[in-house]
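In what comes next, chain A is part of two complexes: it sits with chain B in the first one and with chain C in the second one.
Coming up: the complex of A and B.
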C-alpha cells in the first residue's frame, strides 16, 4: 500500500528470469493433478459416505472444500519452496535484499481473491444447509427446526442420552424403548434428541447426523436413508468416565422389515412400556429411577453411573 | 493550569516516598517464594476451616447449603484464602499496606527498573520487567512440560483400544489436566516472557506502565498451576477443558480446582494485557509512531486487547460454576430455570478469542524474525498490522461455531459460518506478508528462521482445515472428532509453540547474554517438525474415520493409525526434552556469551547491550526510522540512543494534549 509501482517485484533486474511465471507453471500442473486425484480417487471414499442424503451432503461439502483448498495450499507451498531454494543466502554474500516495501497491485489482488473465495464458501455452505433435500445437513436444529426434509411425515425416533448409553423410543409405535436403533430406508426420519443427565451428543456416523443431547431440551435432526446397512452410533460430547465406550450400532432396513420389527417389538415390550413414563419430548431428571426400573426389568442394567460395573467394557 | 502537577518531592513507585535502600535482612527473612508457600498453607487452612464451619450441619447458618451434600465450600474457600496468603507471603500487599497506614516504604519492592544481581530475585516479587520476563519464561517452560507429560499419558493409553494402562477415571483426569493446563497457561507463553521483557525495549521505554500489575500477573500463574494440579489429589475433573454444565456442576470436588485455577488465570490475563496496552499506548519513545511499531508489538497489543476483553467473560463463567457448586444456585440447570447453553455461550465467547490469544503472538514473532533473516523490509507492513487488528475484531463474532450441533437457534448458523470464514481473510494477510518478504530475499536458515518457517507451514494446514470445520455440513461430521483436535493442535502447538521456540532461540541472547547451542537447536527443530507432523497429520484421517475426541477406547480398525500417532508423539516429546536439555546445557553449563547483535537486526531491542542494562536505555531514545529498513543503502539508524538533553521535554511540549492545555 505504501509502495510505488516501480517497486514491483516483477520489475526487479531486467535480465533475471520471470520468477512469477515459473512459480505459476510449477503450481498449475500440481494443482490440477492433486485436484483431479481428490475429485476422482478420494472423492467417493470421503467420510461419512453416502448412506443418507445428509451424509451425502457432508461428503459433497468436504469434497468441495478439499478441491478449493488444494490450489491455496499448493500456491503457498510452491511459492515458499521456490523462494527458499532460489533466494537462499549464499556464502560470502553480505548484501541485504532489495528494499521492497509492498506492492499495491499484488496486495489488492490477494485481498480480493481471498475475499471472493471466502464469500463463495459462505454462500455455498448456506445453500447446502438450507437446501430442502439436505434438511439442515443432519445437524441438531434445536426444538424448533427450520430446515425440514421434503416428502411425507417423518418417522419419529426419540434418542435419549444418559450416562453412558443411548436408548431409542418410537412414539408412533406405542412409545416402546429399545437399545437397538432401526430405521427404514427411503423414509424421512426425525430424531428427537434429549438427555436425562448431562450433555451427550448423538453421532450416527454413517447417517451423517450429529445432534447434542441436552437435558431438558428437544434437539431435532433429520435424515433420509438411501441405502440399507449397519451404522455406528457414538457419543461425541465428553460426558464423564465412560464417554469413549458410549457406542452402539444401528441398522437401516427395508420398510417392510422395519414395520415387522416395530410391530413385533411393540408387542414384546408392552409390559415394560407400561412402566415407562409417558412419551414426552423432554423428561424430568427425577424420572430416571422409573426408567431404570423399566430397563432393569427388560434385562438391561440400570444407568446412572452403574452401566459398566465392575469390569471395563470392551469395544467391538 | 490551576492544578499543581509537580509533586513536592520525587516519588517512589505507586506514589510513595523515594525508594529507600534495599533491605539488608538475610534472605530467609525477606518475602520470597518460601514465605509465599507458608502464606498459602496458612491461607488454605483458614479458608478450609471457614468453609467447614459455614457448611457444618450443627451451626444452622445456611440450611440449603449445609443440607445439600456440598463438600465444595471448604475447598473453594481454601483455595481462595491460599491465593491471598500466597500473595501476602510474597509481599504483594506490603507496600500498599504501609502506604495506607502512612509508614515509609521499606525498600523491598520499590525498584521498578532495576533489580539486584544474583538468582534470588527470580524467586521474589520483583517489579523490573526484565526479571518478570525471565520468571515467565522459566515458568512457562515448566508448565508446558508438565502439560506435555499429560499428553504423553494420553497417547500411551491410546496405544491399544482394549488394553488399558490407566483406569477410565485416571484417563479422563489426564485428558482434563492436559487440555486445561495447556489452554489456560499457554495463553501467556509468548506475551509473558517476550511481551513483558521486550515490549519496553522495542518501544524505547525504560519501564512498563504498571510494574506491580505485571509482577502480580506472573505470580498468579504458579497459583493457577498448583491449584489445577491439586485437583488430581481429590479425583480430578471429568470434563476436559470445556467444563460443560451440568457435568461440571455434578462432578466431585476436583472440579473446584478447575474453576478456581482457570478463573485465576483469567485475572492474570486481564492484568498482563492491561499493562501491555497502557505501556504501548503511553510509553513509546519520541518518534516511535504507530507506523514504526515492530510487528511483534502490534501482535502483543492485539493479544492484550483480546485478553482484556475476553478473559472477564471467562472469570464470570467460572464464578457462576463456583456459585452453582457451592451456593446451590442453578444458573446452568435447565430444569431449574437456568440454561446449559448459557455456560456454552459464556465459555466460547471467551474461548474463541482465546484461540487467537494463542495465535496472534505467533504471527508477531514470525513476522519479526522473517525480515531480519531475509535481509529485506517487511512486505506490506500496513497489511500485516491490519491483519492482526482484523483477527482481533472478528474473533468476538464467531463463537457460536462451537455450538453448531448443540441445538441453539439454527437461524444463526449461516451468520456464524460467514463470520468464521471471514476471519481467514485477515489471517491470509499474514501469509501475504511472509511470502512477499521472501521475494528475492537472502534467506538465512538459522534456527529461529527454521522454526518461523515451520510455524507458517503448520499454521497453513491448521488454517485450511479450520475452514472445513467452519462449514456447517462438513462440521456435522467433523465436529468433536479427532479432526478438530488435529486442527487446533496445528494452530496452537504447530503455530504458537513453534513460534515460541523461534522466539527463544532468537531472543535468549538478548535476554540473558547467553546463546543456545545451535547444533542441538537444529536437531531439535528437525525432530520436532517431523514428529509434530507425523503425530497430527494422521489424526485428521482418524477423526474423519469417526473417532470422537477424549475417548478412552476406540474402534479396533484404527489401532495401527493410533499407534503410529502415539509413537510419533513420543518423538515429539523427545524433541521438547532435547530443548530443555539444550536450554539447561547452554545457560547453566556452557554459558557461551553472545552480547552483540548476532542476527544483525535493526530492532531497537538489539541496539542496547545484552542483557540490557538497568533502566534499558541510558536516556530515552529518539526513534528515527522504522525497524525493517533493510537493503536501503543510506537508511538512517533506527534510533538515536543518546539524544541531546531536552529532546524529550520538547517532544512533550509538542504533544497535542499539552498544547491544548496551554
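Coming up: the complex of A and C.
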C-alpha cells in the first residue's frame, strides 16, 4: 500500500514523495487558468447581463461566487484524480495501510481557510444586498418601499399576475391595461406587482427584477434600464397547469418611442379602459364593487368577490 | 435466507415496482382526450379556410365529473360532439370558429379580457352581430372566454339571458344559447398552442381556477398547428 498524505513515516523507513506538495502544484496552475478564463472570457456573458445596474450587480455576484468556487472544485477534482492514480490498490499488495495520525497544520489550515471563505461570503452578500440603501437585489420591497431610485419621478407600471398571464397597467397614461410591457431607457420605473388570483412571481430576467405577485398586496420593485432591447418575463412561482407557459417579452425603447407607444395605446384601448375599475395599487376582486354587483346579478350571492362561497359543495 | 429465495424476492420486488411505474405512466401520463383532426384534405400555408365548431356547457354529463363546466368539439367527419379540448388545424390557414355558448354567466375577474383580440379585424360576432368587447360586469353577459395566449387571441363568450332554462344534458343539442363566430389565422409553422378560459368558472375550487380550468377535456386544451 502506498503512503497516504497524512501518514507518519516509521523510523528507518525511506521517506516517500511529498504528496501534498505534488497536489498543490497540480492544483495551483489549474485554478489560476480556470479563474482567469472565468473572469475574462465567461464573466461578461454571465447571466442576467447588464441591462440595468441591478442586473449588472447580480452578474458581479455570480462572477465572484464562481471565481471563489473554482479553487475548491479544482482541489476536490485534483485530489480525487491523484488518489485514484497514486493510492489505488496494486497487484499483490494486501497489506494494511499505515495508521493515520492527526496533522495539526492541515487541520488548522482547513478550519482557517473555510472560516475565511464563509465569513467573506457572509460580509460580501450582506454588502451586496444592502447597497445602495438596502434596495435589495432587484427584489420586491413590499408595499412601503424603503429605497427609491434617484433620477426623477419613476414611471409607474402595475404588474398584474393572473392565471396564466401578466398584464401591465400604466396609471400615468389614463390607466390603460395591456399584455405588452414597454419601458423607456434611462428612466426609473416603479413596478407595482400584485395578483388577482393565486401567488405568482414577476421575474424580468434581464432587468434583474424579481418580485412576488401576491393577491391583495402591492409589492414594489424598481429598475432603471440602461440599454434598449428585449427582455423576458417569466412567472417564478408555481401557479397552476400553465405556469410554465406564463412567459412574455418586454422591451426597453428610447423615451420618444415609449411616449409615442403609450399615447397611441392609451387612445386605442380607451374603450376597454372605460370598462376597467379605477386604478388602485392592488387589483383585488373582492374590493371591486362592480364585480360584486355583477355577481349579485348573476345569482352568485355571498361570494363577495371570491366567486364561490366557502360552503360550495364541490371541493377539491 | 437462501440464495434462490433472495433472487426470487428481488425479482418480485422489482416487478412490483415496475408494474406500479407502468400503471402510473399509462394511467395518468399517456391517457388524454382524443384530438379532433381539422387538417384532413387541407394543404397548409395556402390560406385555406377551416371551420372549427365547439360548444361550452354548464355541465358535463358524459364524464366522471358531471358538475364540471366543459367545452366540446365537433368532429368534422362525423359531426358528432366529442368530449375533448384538443384539436389540430393546418398551418397558415384561416380558422373560422363557431362556438355555441350554452352556459350561464360569471363575471370576468379582469375586464381587460372582455375585449376581443387576435381575431381577423379584431372583432367577433354574437348571433351575427359584431362585437369588439362584451362587458361582463354590466350584466349577465359573459360565460367563458376562448383564449390562446400564444396568438394573443381572446374572445369572450356571450351567454343566454339570466332567466334562461339552460340545457342540462351535454353535449347540448337544444336549448337557449348564443352563437359566437370569429376568425383568425394560424401561424405558418407547426407548433402547439394551449388555450384556456379566463372566467373563473371552476366552481368550488380556489379562486374558481381549479378542477375543470386545469384539466384537459374541460376548459383548457391544445390547438396543434400542423404544417
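Note that the second predicted complex is superposed on the first by the 265 of 316 C-alpha atoms of A that agree within 3 Å, B and C clash if a C-alpha of one lies under 4 Å from a C-alpha of the other, contacts with A are read in each partner's own complex, and residues count from 1 in each chain.
By our rule, a residue touches a chain if its C-beta (ideal position, glycine included) is under 8 Å from a C-beta of that chain, and two chains touch if they have at least 3 such contacts.
Quick caveat: nothing in here was measured; it's all calculated off a predicted structure.
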Tell me the contact category for A:76 with respect to chain B and chain C: first, second, both or neither. first
For A:88, using the defined touch cut-off, is the partner it touches chain B, chain C, both, or neither? Pick first, second, both or neither. first
Give one of first, second, both or neither to describe whether A:125 is in contact with chain B, with chain C, with both, or with none. first
Dominant toucher of chain A (residue count), chain B or chain C: B
Considering only touches as defined above, state whether A:65 meets chain B (first), chain C (second), both or neither. first
For A:177, select first, second, both or neither according to whether it touches chain B, chain C, the two together, or no partner. second
Return first, second, both or neither, reflecting whether A:197 touches chain B, chain C, both chains, or no partner chain. both
Under the contact definition given at the top, report the residues of chain A touching chain B in one complex and chain C in the other. 197-198, 240-242, 245, 285, 312-316
What part of chain A is in contact with chain C in the complex they form? 160, 162-165, 167, 177-179, 196-198, 240-242, 245, 271-272, 275-277, 283, 285, 290-291, 293-295, 297-300, 306-308, 312-316
Which residues, counting only chain A, touch chain B once they are in their complex? 1-3, 9, 12, 19, 46-48, 54-55, 57-58, 60-62, 65-66, 69, 72-73, 76-77, 79-80, 83-84, 87-90, 93, 95-103, 106-107, 110-111, 114-115, 118, 121-122, 124-126, 128-130, 134, 136-143, 145-147, 193, 197-199, 201, 203, 205, 208-212, 214-217, 219-220, 232, 234-245, 284-285, 312-316
For chain B, which residues are in contact with chain A within the complex? 161-162, 164, 168-169, 172, 175, 238-240, 242, 244, 246-247, 250, 334-335, 340-341, 374-383, 404-411, 413-414, 417-418, 421-422, 424-425, 428-429, 431-432, 435-436, 438-445, 453, 456-457, 460-461, 464, 467-468, 470-481, 544-546, 548-556, 629-632
Across the complex, what residues on chain C touch chain A? 67, 104-107, 109-112, 114-115, 132-133, 135-140, 149-150, 152, 162, 194, 196, 198, 200, 203-211, 213-215, 220
